[in-house]
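Have a look at this one before I ask anything.
Each chain carries a letter (A, B, C and D) given by its place in the written order, and its residues are counted from 1.
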Amino acid sequence: MKLKFRAPLATTIAIAVGLVVLVGYFIPAAQTLRFIFLRMGIVLAAVALLVGVLNLISVHFRKISDKDSKGGYSLVLILALLATLGIGIYDMFKAHMYGNPNFEWMNWIFTYIQRPIETSLMAVMTVSLTCAATHLLRRKLNFLAIGFFIILLLVLMGTISLSMINFPILEDIRSWIIHVPALGGARGLLLGIALGTITTGLRIITGSDRPYEG
Amino acid sequence: MTITGLIGMLIVAIFFGLMIIFNVVRSGSKKARLRSISAFTKLKQAIGLAVEDGAQIHLSLGRGGVTSPQSASAFLGLSMMKQVMRIASAGDSPIVATTGNPALAILAQDTINSTSKEVNLNRRGESSEGKLAGLTPFSYAVGSMSSIRDDRVSANILAGWYGSEIIWLSEASERQNSFTLAGTAHLPAQAIMYATVGEPLIGEELFAGGAYLDAGSMHEASLNAQDVFRWVLVIGILIGILLKFAGFDQIIHNLLVGIQ
Amino acid sequence: MTKNHCPMCGKPNPEDSEVCQFCEARLKPLVASSSEEKDSSSLTPEQIPSQKDSDEQERTLPALLQDARNETSNEEVSPSTYNESAEKGAVEDWLLKLQDNLNTEDDAPSPSTEEDDQDWLQRIRALEAKDKASEKSPHSKKEDLPQWLSEIEAEEKEPEVTKDSLAADLMTKEMKITFGENAQEDTLGQAEMPDWLKGEIEDDALEEKLPDWLSMMNAKEAEEKEPEASEDSLDADLIPKEMKAPFREDTQEEVLGQAGMPDWLKEEIKDDAPEAEQEPEWLPSGETETPLEKKVNVFSQPITMDDEMEDPEEDIFAGDLPKWLTEATSEELAEEGLSEDALAEIMPSELPGWVEAMRPVKTPSQNDLEPLGGEEEYIENSGPLAGMSNILPVEAAINKAQKASKHPFKLKVTKDQQHLIALLESIISNEKRTVEKQTTPFISTQRVLRWIVGLVLFFSIGISSLYKGTLFSYPLHKKEILSLIESIQALPKEAPVLIAFDYEPALSGEMNAITASIVDHLMLQGAYLTIISTSPTGPVLAENFLSTTQTSHYYVHGQQYVNLGYIPGGAAGLLSFVIAPQNITPLAFNGADPWTMQPLRGIESISDFSLVLVITDDPDNARTWVEQVQPYLAGTPLTMAVSAQAEPLVRPYYEVTPRQIAGLVAGLPGGVSYEQLTGHGNLGQEYWNAFNIGVIVTLLMLFISGIVNVGKILVSKGKENEKKESA
Amino acid sequence: MNIATFGLADFVGVFVGFVLTLLVFSYVLGDNALFRVAAHIFVGVSAGYAAIITIYDVLLPQLIYPLVYGGSEEKYLSIALLIPSLFLFTKVTPWKRAGDWAMAILVGIGAAAAVGGAITGTLFPQTLGAINSFETSTSPNSSNIWINLLNAGIVVLGTISTLIFFHFGARSKPGHAPQRLALIENISKIGQLFIATTFGVLFAGVYLAALTALIERVSFLWNFIREIGLKLLASI
């Protein structure tokens, strides 16, 4: 194995932490240590989020200062972000000062801005998914695509319940597809993904892949 | 240590051993022979075209948490990015990496920095960058759409952890009619991706990205180890079923569920 | 178009082709008497190389061939002729440059060959002598060694040289690097080159004929001191190996630069020049034969003048070329068309890797050439020359030609290279094309289709949402829903119930409709709800849920429920909570301490809750709960309310025995069914008409698109078939 | 939120929600400026919201409070957490490499979580599930043992053939692309059928979820128009 340790400290730390946490999964005695590291991971991920927010601001600030034609959008983004942060900090301050926080303004932002946009995005997906399904056979007419299309039709047919014409067989077919062949396929896919995940993780624990090298 | 824990450790050890052995075997001039996956073949062509056109390559690394099991997809995405940068280093195509996780954005920037140094890209003042596009799944999806929409982007690679929001990315990319390769470990997202993307990586094919892009013998060795273990699983399942019929079901149950 | 059937494989070929497109067998017999075949280019299937004209070749025909000629009254040139001419043309062409006194008109090939070699060596010796006083090898065994080798050995005894030659392996590598990697750039840096090679290099006559890269071996390098070469020269054990490298390479390159030579030449050299066998005596014992054999192999390689010529070079200098060029490893060569047998033949040799790669894949065996060089009388039994004796058998020639022509110099193009070629081709072809946005029509069709789909969906759902009556029958009551109802009804009053709000805000519309009736049922049952979430937006979603779907109840935080907030860390964080909930969430979402309140006072671990309800849209989340949390529940029922997108991966956990999920409500149909069964809530029922209409409309669109797409494809295929048939 | 006390805020909120919903829906007509405005607002708001939640729910209780109010042990642990956290901030400064080791901790944890999670979370349970297939009543409406056995057999076949479908190793034949053994190829075809089925089912699931979201949004729009829009019109 040809390893070039450009960042020996970082590599050593990654390997050591990885091994300790991994062992913690299998040896109960090492579980405490594993949880300490997990707590460290949670805190670090949270700090990374703040770093990320700074990154987001700097990226869009640059776009504005570049006088990019799309700089206006970036301005909207930064204003929305700063406004939310400001309101959040105000809510937190209020909570700290008066106790029993209810984050009313944060909740307002969430309920009337974030949630409607997100649910609308999900709703628009219906159109995108329908278009994708109608295009599927035009783009690839192979065994997998035809199978996919037929199963999609069968499952959707099994979902509807017409009062005038009762087709319990469609419901049974849908149920059978979900319980039998789809379960088998999903299990195989999940096991395969698990294999890939294990090797990917092990490459990092062995120091073969070092994404943290800056 | 419980027997379950022991089996877990054993699996790790076997995987590790297999990877090392295959790596040693592969470290010679021999190149691994792998079944052809058209997505990777076309990816190489797309990178080549991007290099020729001086176009950008957009790499989306998903929103998987770095400290969660979802991290594997993201790490693989980073490996692929490194390799794509190496392949594209012949030209002026900068890489734009977007992520939906802040820690991943830092890692993406680190990877870009180290790879740029490695291929001496920094002297040309390349503008490769890793940026955070959004902090929640859907905000990430719509946030990175602006990178996809960019006319300078000629290839989009989606490699990481996504949920059903992947359709926003894949659709935007297809609308641009740019080359799109997508792979994730999340099953519903895979189903969407399969229906919407020109070059989907289904199942565990995403995890083969490193090997197919020649990221190193360890990646190829990993695939060999996976192949070996795949058959171990198949045989294990069949033997388990036989043992179950023979009345040893409780033993198997205890072995695998014996609580960590 | 009339077809010419191949005598070997029987496949049809265009009439004018000389070589079978499939097996590369000769289609037109070499011994045919037609005058058009006088052309020397048709000597052997892939022979084009000789730069000498056929007249010159004719003059050098051996007796055997002359006999054959007389008998067949032909003037065509047989492979043997070519053999001869090749020896003269190819071997001499380059050897001539080394020799001052070579007799080009010598009829007997064997002495010529031997002499070639000897003179060549003498030349080297002479060159050596110029630079160095001759030193006799101390080893009596090796008295016959050429000068340069003796010198090497002699110099090895000198201390500094010994030092240099200590690391045998290193030396080998150095040599490989010299010739394999740096050769193209450094043009065989003389410092690492045996003297004899330098001698050759210094020869001006040779330089003229050398390929560019080799001729770049300029005077500067030639001026380098001889001892340097000796210093870096070889350990006695290494000599054969190391020698092969420069020797083969040099000769190879020269041959490449000059003319082609058929593979059977090797045999000719062996058969006709018995003295050649003695040649190896000048080499160290043990490996005596190898260098000459290798040299002969080099000679015997069929070399063509076409593009494929570059191939061996690629392998030799693989180290210094771009990666995509160097990927033609021996394995890949096999992939690209070299037979397994051919590969097997290479493997046993002890050549260095790069030489192996350079080596012709298949050299003719003794048996193959028996009829040509042997004294047995051969009688042709087929073709136009049937019955004639002492002629060259066509089959043999074809066989040889096949082996020789196809394999060793098949253009070794790896997949990657093919991609690059394809890429280059596409780029070039794109250049010619006028630039236009090819996809515009496609995108616009797509856009129109999108508008239609959007319009149909919005319209149908909008209309059906307005209608409040019952258009569709409610879904069947499934056993998993009944199980959940039973679990909830079994709860005692003020039972602590853990609810995980693990879904994205995007799915809140669906999740609210599914969960509203369940939470309502729980509240009416008098359960004390403890809300957690592993998603940052979960806590506020829960608050939002309670304030929008449970408006009639006016639940107050802390009295009917407690929101413990967000558990960071995903699955790992969740597991920490499962083991010690009080440590992970010491404070509730509102900052109060929930664990002192009456319903939660006795809670030490997750198993102390009376029921766990997981509301999620993500199958992975659900799996984490079932596979990693459920074992800690110790009898507490785990129930789930999941989105339709998670249902396929969650439902199987309910179906197993023993059940891993005590109850399950999945998707809007599940929610509606729950509402129907318990009589709580009506949100799902409000959506039910639109839901069914939406699915039906989508199904119709899918059916139509499926029929249209398949129809289109079938029609286009039919047209293609018609075209083919008419063609 | 108490609607009675925040009537105006709610009214404004519902109106904002209505407008934003329409902006997002305009994407159906094509990618346009209105949609982009909504998208950028969303990205900004969600980032700000996530940052506040992270500070409030993670950093304060896990790092700051123990440091300020905690016992000595807690304080030491918090300091141990604080140091790499501070180094992480170097990632937004020119001294980026100083934070490499802090990222290495995260990556190490992530890699171990991936391996450990895959083994304990998927490999064991799914293998056990496959082994237990024959014991389950996989057919929901059938108590016939033979049908159950058949179904279980199909599930196991699906699992195995799907696993084999992804086999990467191949043999190369001269002049051809690397090919797998004929046996593997044949099993893969069966696997392909199961993968198609799984994807079809999952796609349908996502579609139904999205459809429900659409219905919720459309009914929200109707409700807004009916409840507020018409009243507004009437008042004008």
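Side notes on the structure shown:
FYI, contacts are C-beta pairs under 8 Å (C-beta built on N, C-alpha and C of every residue); 3 or more make two chains touch, one makes a residue touch a chain.
What you see is a predicted model; the values in this text were computed from it and never measured.
Closest to the middle of the protein, by Cα centroid, lies chain B.
Between the interfaces B-C and A-B, more contacting C-beta pairs are found at A-B. Chain B and chain C have centres, each the mean of its CA atoms, that are 18 Å apart. Chain A and chain B have Cα centroids separated by 14 Å. Between chain C and chain D the centroid-to-centroid distance comes to 34 Å (mean Cα coordinates, whole Å). Centroids of chain A and chain D (each the mean of its C-alpha atoms) stand 4 Å apart.
Counting partner chains per residue, chain D shows two or more touched chains at residues 1, 28, 36, 39, 42-43, 46-47, 49-51, 54, 58, 88, 91, 96, 99-100, 103, 106-107, 109-111, 113-125, 127, 129-130, 132, 135, 138, 140, 156, 159-160, 162-163, 165-166, 172, 177-178, 195, 198-211, 213-214, 216-218.
Looking at chain A, one finds that residues 22, 25-26, 38-39, 41-42, 44-46, 48-51, 53, 55-56, 73, 106-107, 110-111, 114-115, 117-119, 121-123, 125-127, 129-130, 133, 144, 148-149, 152, 156, 159, 178-179, 182-183, 186, 188-193, 195, 197-198, 200-202, 204, 211-214 touch two or more other chains.
In chain C, the residues touching two or more other chains are 331, 335, 415, 446, 450, 454, 457, 504-507, 509, 536-537, 543, 568-569, 571-572, 645-649, 652, 655, 694-695, 698.
With chains as nodes and touching pairs as edges, the resulting graph is complete, every pair of chains being joined.
The part of chain C that touches chain B in the complex is made up of residues 327, 329-332, 335, 353, 415-416, 419-420, 422-423, 426-427, 439, 442-443, 446, 504-506, 536-537, 569-572, 618-620, 631-632, 645-646, 649. Remark: chain D residues 1, 3, 28-30, 49-50, 53-54, 57-58, 61, 113, 117, 120-122, 124-125, 129, 132, 135-138, 140, 172-178, 198, 201-202, 204-209, 211-219, 222 touch chain C in the complex.
Interface residues of chain B, counted against chain D in their complex, comprise 4, 7-8, 11-12, 32-36, 65-72, 75, 103, 106-107, 109-110, 113, 133-136, 138-139, 142-143, 145-146, 149, 164, 172, 175, 187-188, 190-192, 194-195, 202-205, 208, 211, 223-224, 226-227, 230, 233-234, 236-238, 240-241, 244-245, 249, 252-253, 256-257, 260.
Contact residues on chain A toward chain D in their complex (touch as defined above): 7, 9-11, 13-22, 24-26, 36-51, 53-56, 58, 73-74, 76-85, 88-89, 91-92, 104, 106-127, 129-130, 133, 143-152, 154-156, 159, 172, 175-195, 197-198, 200-202, 204-205, 211-214. The part of chain A that touches chain C in the complex is made up of residues 35, 38-39, 41-42, 45-46, 95, 99-103, 106-107, 110-111, 114-115, 118-119, 121-123, 126-127, 130-131, 133-135, 137-138, 141, 149, 152-153, 156-157, 159-163, 166, 168, 171, 178-179, 182-183, 186.
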